[in-house]
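Scrolling down, you'll hit the structures one after another.
Each of the next two complexes has subunit A plus one other chain: subunit B in the first, subunit C in the second.
Our next item is the complex of A and B:
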């Protein structure tokens, strides 16, 4: 009897976890396996149906995709550069610009309502459904009729087409994603700043420190961990984020002209526009590998317990 | 005496200088860069309700003409789009289904992770956190193959359901993580006290724990709902038949057709689609922020 009870006590957690584990195996682990598998095949739109139905001899195993990725594909170098530009620029907006933004919003603006209003405004790009957000940008920079187009034209910046003319198009790609990303940093930083003990700031004030000195000598050093967290977390999501690029440019031809083909969207176009499923999967595999390596690295750097409490401040 | 007088003046000047710098910093860092956001949303509302708009955001002449899609079909030349209401129902189905699945799965898993002792608990939590950080969207091609293999591709409603389950699965680790946090924040003592007072575990759960974690469930449900409602890429990639598109996909196609031609109509349609998100956001801002702090992709 006690044995049975023991067994059921041991089983209970796993019964509770079972639905999640099934989901993870089916929709996370299996797809990673499929991505690896596909990378070693020659599956394209031509043999895809046969491949899905498991007909024998439908496809061959090959290393061709890796040859392409490592040099055979003439466009890879440019894509790598664009991805670097994209991740680097948006990341600096997310990690550094949003820091200045947070200090300005919660520390420099003393009026509670104004501060909340600014935070809500800056949050809007993140909460708006991606399709609507993308549409609003298309409208803002529409030649002649777009309000932002007119604003810039008044300052003498008037490209024929913001979407297709470099470097404006690349600037647009960074800014569109930057506005979404800035609020991520803002949320983490503002809650971190708010959790700094009032006494610390008051003591500094009594000693005659100015607001700028407080920002520089107290707030900034205390935000070291939240900053590292934002950088690492955002690097991971940025290497794979392509939703806005897909919504704004929509086709391989357009992103190629605009110079906005990052790795993640290149994989998508390869698979779903050109039907090169195996090669698309290989490009994805590169991103999966980068993701896994980064996550391992972060666990090493942060340790599990620090990751668990991203916005905690260590005073 | 004289010396002190000069000091005060100096300090006053310093304070003034600091104030000016502060205002400038706020202006250049927070206010001016937010202009595009203001333009966007003011323009969205102005365009949706007025017959003529100057400089993009100044409305003149109230009209509901832009909302005609609510009572008639959208048609562009020969291209006819499906009626808005079934499409809205698709979105609702996708969002509610995702919310339900995520809440169920995450609630169970979160409870086990927070309250039960078992071998591999820490490993499991690490794994879930790693999944939460991992950008799942790179698995799209593999998911496409998987849906095909499972026979869920190209089958209308079934494909939509497939997208829903996939979406739920991708959101579930994050949900479990958040639920665990909520369960963690309830002290053990309360559950103990209920047990000591003679409740059995189920009653303790229903009468004592549930009311306390209800906000957590609500937050996870709202979050999953919004994620399902906003879902675009998977639905766009996987659902072929326009009858089973969610709103996001239809709007994407309509934008492609109508941009430069009828901004007002597009604005009204976008506003219609974004409205639930905005309403939810206003009512549950605090919950959502709490979750966002826990980490979000994007």
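Our next item is the complex of A and C:
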């Protein structure tokens, strides 16, 4: 009887974990396995059908894709630079600008309606379906008819092709993704800021601190962990994100012209637009590798325990 | 050091009148306590004096200067919060130094002042620690040091002792009082603990539901409570309030007994009232012989509290009262006792308004 009880006690956590484990195997381990496998082959649209049907001799094993990625592909350098620009700029909006905004909303904007309005404005893109959000931007910047285009024209600024002309196109990429991603940081930050006891802020005011000094000397140091969490989380998700770029530019040619080809979209186009399945897999494998390295790095810096408690503030 | 004046100060949070028309004058160097139950508006009052809250109505003055619109950083007040509110990411040293750094004092002067106040409060050995490494009593001293280091004109203390254990609390009461007198600083102290208020204050301000109930010295508050709220809030156990009806002239019809005043003044005062409370403190109820007694009562409960017994008695059918007697007295539940109320310690309150009637004062003057 007791043995049965012990056994079931040992089994219980696994029963709870089972769905998650199945999910991880189905949606992470399997695709990563297939990606690794594909990247060592020469599968393209030419031999894809035979490959899928398992016909003998349909493909070869090769290291060609890695050679290409690490030297042969002339665009890799530029794509790396664009990815860096993209991740760096959007991250600074998502992690730092959203922090400034959160502090302002929670503490310094004393008008209840104004701060609620600001919250809603920043949350809107998150609750709008991605396609709708993307098309809103396309409409906004549309040549001739778009409101932004007309606004600039009215202000006497020479109309630009925002979609295709650098650096406007890259600026657009950053703004579109920054706007949609800022709410994540804001939600983490506002809850963290709210967990700072009100008395600390009052004490600082009585001690003679200005609003800016309170933000700098009290709030920021107490938000160290939430900030590190947001930065690491956002870096990981930005490296792999491409949906807005896909919606706005739609094709490899467009992103090439606009200078918005990040690694994630490059892998997508290679595989699904140009049919270079094996090479596309290799590019995305690079992203998986970067992601895994970063995760280990973050765990090492923060400690697993602390990373698992994102909104904890140091009190 | 300054005097502090509140002129009809109110603070509303939406419909909640947290503080309602508070008018108060605190002399330079005085130790004044705001005393009242939780939620009566004590903290809100302090925060308005500190400049954290702006009054909904009314003005606040330091000496003759209207500070109502001056932000906290320009008021030179020191405040100790109930939660201490120490900055968790700073060492004790940096916590105390924070107000001075904001004043941009030279480094060596900051250092000298921090060490001086740390020595004064006997925390100089803790300067390198973080607040989380301190006991409650130590944290409280650090909070006090941080409030004092900038040599404030006014020191505000919001229930600073309520998180300490009983022994330390008694010690810190004396210590705080001594410190305040030595420094000659104007202090406004908030507490819900009447013992603290009675033992430390020059004057006490009793508050309830945002309004001032009475302002007076500890003795005045205790011996001449201005209304039934103050009477039943002060004293352990608090004053007995026995509902009586004024019958003919100077006679009262009380639960289980009749009470007749002997003097003329009583008659004059009672004339204008119908229903009143007869108030008598537990220590002013005496056991006596049948002939000399005002009433008889039955013992219900006997609770020893050290050197005394608190005895709950039944008067008439429904009324109970408490009285204090030395613990050597024999008191058995169910026994009948004869009671006498000390004549010069009887308080009268109008039942409708709860307000004190002038009876006691007149008697006191005659004696």
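Quick note on the criterion: the second predicted complex is superposed on the first by the 293 of 315 C-alpha atoms of A that agree within 3 Å, B and C clash if a C-alpha of one lies under 4 Å from a C-alpha of the other, contacts with A are read in each partner's own complex, and residues count from 1 in each chain.
Note that in this section a residue touches a chain if its C-beta (ideal position, glycine included) is under 8 Å from a C-beta of that chain, and two chains touch if they have at least 3 such contacts.
Everything quoted here is computed from the prediction, not taken from an experiment.
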item: Clash or fit (per the criteria above) of subunit B with subunit C on subunit A; value: fit
item: Superposed model, angle subtended at subunit A by subunit C and subunit B (C-alpha, nearest 10 degrees); value: 70
item: Which superposed partner A:189 touches (first subunit B, second subunit C, both, neither); value: neither
item: First (subunit B), second (subunit C), both or neither touched by A:199; value: second
item: Touching partner for A:298 - first (subunit B), second (subunit C), both, neither; value: first
item: Partner chain(s) touched by A:17 [first = subunit B, second = subunit C, both, neither]; value: first
item: Partner chain in contact with A:210 - subunit B first, subunit C second, else both or neither; value: both
item: Which superposed partner A:162 touches (first subunit B, second subunit C, both, neither); value: neither
item: Larger contact residue set on subunit A - subunit B or subunit C; value: B
item: Which of subunit B and subunit C A:59 touches, first, second, both or neither; value: neither
item: Distance of closest approach, subunit C and subunit B, by C-alpha atoms in Å; value: 6
item: Touching both subunit B and subunit C, residues of subunit A; value: 210
item: Contact set on subunit B toward subunit A in their complex; value: 14, 18, 21-22, 25-26, 29-31, 34-41, 43-44, 47, 55-57, 104-106, 108-109, 111-113, 116-118, 121-122, 124-126, 128-131, 133-146, 148-149, 165-166, 168-170, 172-173, 176, 226, 229-230, 232-233, 236-237, 248, 251-252, 255-256, 259-260, 263, 266-267, 270, 273-274, 277-278, 281, 285, 288-289, 292-298
item: Residue ranges of subunit A in contact with subunit C within the complex; value: 197, 199-200, 202-210, 213, 217-218, 221-222, 314-315
item: Subunit C residues touching subunit A - in the complex, by the definition given at the top; value: 47, 50-52, 71-73, 77-79, 81-83, 85, 87-89, 98-99, 102-103, 132, 146, 150
item: Subunit A residues touching subunit B - in the complex, by the definition given at the top; value: 10, 12-14, 16-17, 19-20, 23-24, 26-28, 30-35, 38, 48, 52, 97, 100-101, 104-105, 108-109, 118, 120-122, 124-132, 135-140, 142, 145-148, 150-151, 179-181, 184, 187-188, 191, 210-212, 233, 236-237, 239-243, 246-247, 250, 264, 267-268, 271-272, 277, 280-281, 284, 287-288, 291-292, 295, 298-299, 304, 307-308, 310-311
